[in-house]
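One chain, subunit A, appears in both complexes that follow, with subunit B as partner in the first and subunit C in the second.
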Partner chain A sequence: MNEQEFIEKLVDVMDTEEELQMDTVLEEVEEWDSLSYVSFLALCSKVAKTHVEPQEVRDAKVVRDLYQLINR
Partner chain B sequence: MFGVIEDVRIEALATSLSKNRVPVEERVGDLIKPKRLARVIAGTGVEKLSIVQPGISASDLCVASAERIFDEGIVKREDIGAVFFVTQRPDYPLPATSYSIQDRLSLGTDVLAFDVNCSCPGFVYGIYIAASMLSNLGKKVLLCCGDVTSNPDITNPKDTSFLTIMGDAASVAILGRTPENCKKKIYYNIDSYGDRFKKLYEPRGAARERKRTTADGEMILEPENYSMMDGMAITDFTLKEVPDNITALLKYVDLSKDAMDIALVHQANGLIVNSLAEKLGMSSEVMPFKCANIGNTDMASIPTAMTELKKDGADYTKYHTALLSGFGAGLSVASMIMDLSDINILPTNEI
Partner chain C sequence: MKVKLSNIKISYIASGLPQQIINISDYEKYFNEKEVKRIKKSTGVESVHVADESMCTSDYGMILAKHLMQQSGLTGDDFDGIVFISQTPDYRVPATSVILQDRLGLPQSAVAFDINYGCSGYVYGLYQAALLVSSGSCRRVLVFTGDTQLRMIHKQDRGNRMVLGDGFAVTVVERGEQTMCFNIHSDGSGYQYIFMEAGGWRLPKSVETAQPVMDKNGHPRWPEYTYMDGLEIMNFALSKVPSMVKETLEYAEWKLDDVGTFAMHQANQLILEFLAKRIGVSLDRMPIELKHMGNTVSASVPLMLSKTHKELAERNGLSKVLICGFGVGLSWGALTADLSDTVIYDTWEL
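Right, the complex of A and B next:
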């Protein structure tokens, strides 16, 4: 999945109106909350190449960190 | 743990839940802002919750369900040789609530009665136990299961993760041996992950630690006085160990997922059920979410989904190969494949 596709999916997961970029700081996005973590994990379950641990999602600081979890 | 139990079946099934369906907005009040609440509801797929009137317990719902089965003449009271109640919320700490259920249903004295403390996998565990008992029990087994968690001493009135999804319900199933000429098998796969028991647990109120109350005996609003759930860890479990367990069961019986006529999974919430369906490559027709106006009813959620399907006109004679899968606290997952085509199932009842 390329970066643009990923950002579109993430906007969907978070149900946010914000414009996300690869270096957007997650904790500054209002919708990056426990609800989004769970939706993001569900997304990983579908598209990630390797298993993503909940702690890795919690540890992510910027959008790019999440992208790397999907793509590694 | 894989296995097969032969020549037993579910003869009858009934669920009771509350007439009172509370919109989620009302249940959370101003704990969640409207914009976030809209996202929560869109995510969980749960809009209303079955909430009983004060004073009604899960055993009351079980008794109501069982009485309907007896009233319809599907099974007679005298045919019951054992009754057990799968619950995490007994009427009293002791004795087991099954004795009170036995009494209220006027079952004979020549019965076994006990409770089973089991969470969301509880219905499937219950079928396993009942079916296993039938290898030697001369009569039928009355399996009761359910929880009422809506009162604020049980569900933390500030914990939106439970407030937005938990509903009250209880179901009963009667299991018996199949007739001579009718061969049936129940296949099961049950796994437990005790290393993660703290991901969904209630720290206080039993041997390890007391509940903390005020001088007047009121519950102090601390999370440890209530059930606590690590949402991400549970999601991770339901999207990894649960589909692994189901896939392994399909392999054990040498059937593909496409051979499943219906998949009745724990109705945790809409996101979980849909994600599980996608993960296993099943459609939402085959693996439905039926609890949008009921909520997550814990160990009663699978039978609730079943009676809701019946209420909506499902033809059970088509369900020769039914997959059941309950998963939750423990953490544990219990899956089964069985034939439901001759089950006598009543539509959901409200009280």
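Right, the complex of A and C next:
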């Protein structure tokens, strides 16, 4: 999954109208909440190459961190 | 902590919901419409019940317990213990359980105490009752779980108001032939993740505590109302629950496929679907029942069983049941039980 495809999926997961960039700070996105967090983990279960732990997602600070988790 | 307790059984489960209903869509008038729809879709909650303003948790407990006694033929004299699990007691002093001992006509020789827990409370209540019966201290214990919790949620706390609901349950634990396995964990380092900061002795209520403060994410939180850090709680539940389920099954010497029903705390649909995947079970063995009652904290498991017991019994899903709760504290626990001979009543309107 390239960066553009990932951003599109993340916009879907968060159901946000904000323009996400790879360096967008997650805490600054209003929709990055507990629901988006679980939806992202569910997305990881489907498409991530390796197992992603909940704590790893919790530790992510910017969009790029999530991208790296799903693609590692 | 793990323990096997013998010579016990869960003989009755009854649950009830207050009559007044709030439709989650009604919040579209007060909050962002798109956000309300998003929360509703993810949590699976369309409406919740809310306690009448004139009623306390113990009032609902009394109605429910009296109704159970009428249906079962039991009387107050048949009980020698009562455990009241709630975060909304009648008074700060004394314990609500002792008031219920009198109101329900339990003998003065009965033991009565309260436990302050929420979403893990059903496991705690059953554990305490099982200890009392298994040790020989009691013959039959009434376990009450439930809260008038919507009163503790600030009107502007949209996340919590749209998923939490009021609900109540009574469960009877008595002497029997069963052995139940309990597995309970605690982590007080996360005590601030579900938190009503003001009103105790650490921070008494004052003019200041009536004002909102900002949480670490820059969102308002009201110290006199329950606050929940949703991200941290979700992280906690998803990290801890799958391994606890695995651990409990190993301790009970049950295989994953042996379990007829995973009776999980009904937190919200999204989290339960995710837990089912992580644990590796289909949703027909992990029932989700919160569309019309929301997350009813310590009453959520018995309410779910009241709603689904007929279907579960039809497919022999009640002989090996894993009950699991997780939440405030932080605390999380599970137990194994055979509910195939348990009388489970349909949910009553209170």
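Here, the second predicted complex is superposed on the first by the 72 of 72 C-alpha atoms of A that agree within 3 Å, B and C clash if a C-alpha of one lies under 4 Å from a C-alpha of the other, contacts with A are read in each partner's own complex, and residues count from 1 in each chain.
As a working rule, contacts are C-beta pairs under 8 Å (C-beta built on N, C-alpha and C of every residue); 3 or more make two chains touch, one makes a residue touch a chain.
Since the structure is predicted, the reported quantities are computational estimates derived from the model, not experimental observations.
By the touch criterion defined above, A:Glu18 lies against neither subunit B nor subunit C after alignment on the C-alpha atoms of chain A. Contacts of A:Arg58 after superposition on the shared chain: both subunit B and subunit C are touched. When both complexes are overlaid on chain A, the residue A:Glu27 reaches subunit C alone and has no touch with subunit B. In the superposed pair of complexes, A:Glu5 makes contact with neither subunit B nor subunit C. For the contact definition in use here, the residues of subunit A common to its subunit B contact set and its subunit C contact set are 15, 31, 33-35, 37-39, 41-42, 45, 53-54, 57-58.
Interface residues of subunit C, counted against subunit A in their complex, comprise 34, 38-39, 42-43, 159, 217-218, 230-235, 238-239, 270-271, 273-274, 277-278.
Across the interface of their complex, subunit A is touched by residues 36, 39-40, 42-43, 161, 230-233, 235-236, 239-240, 271, 275, 278-279 of subunit B.
Across the interface of their complex, subunit C is touched by residues 15, 27, 31, 33-35, 37-39, 41-42, 45, 53-55, 57-58 of subunit A.
Partner subunit B is touched in their complex by these residues of subunit A: 15, 31, 33-35, 37-39, 41-42, 45-46, 51, 53-54, 57-58.
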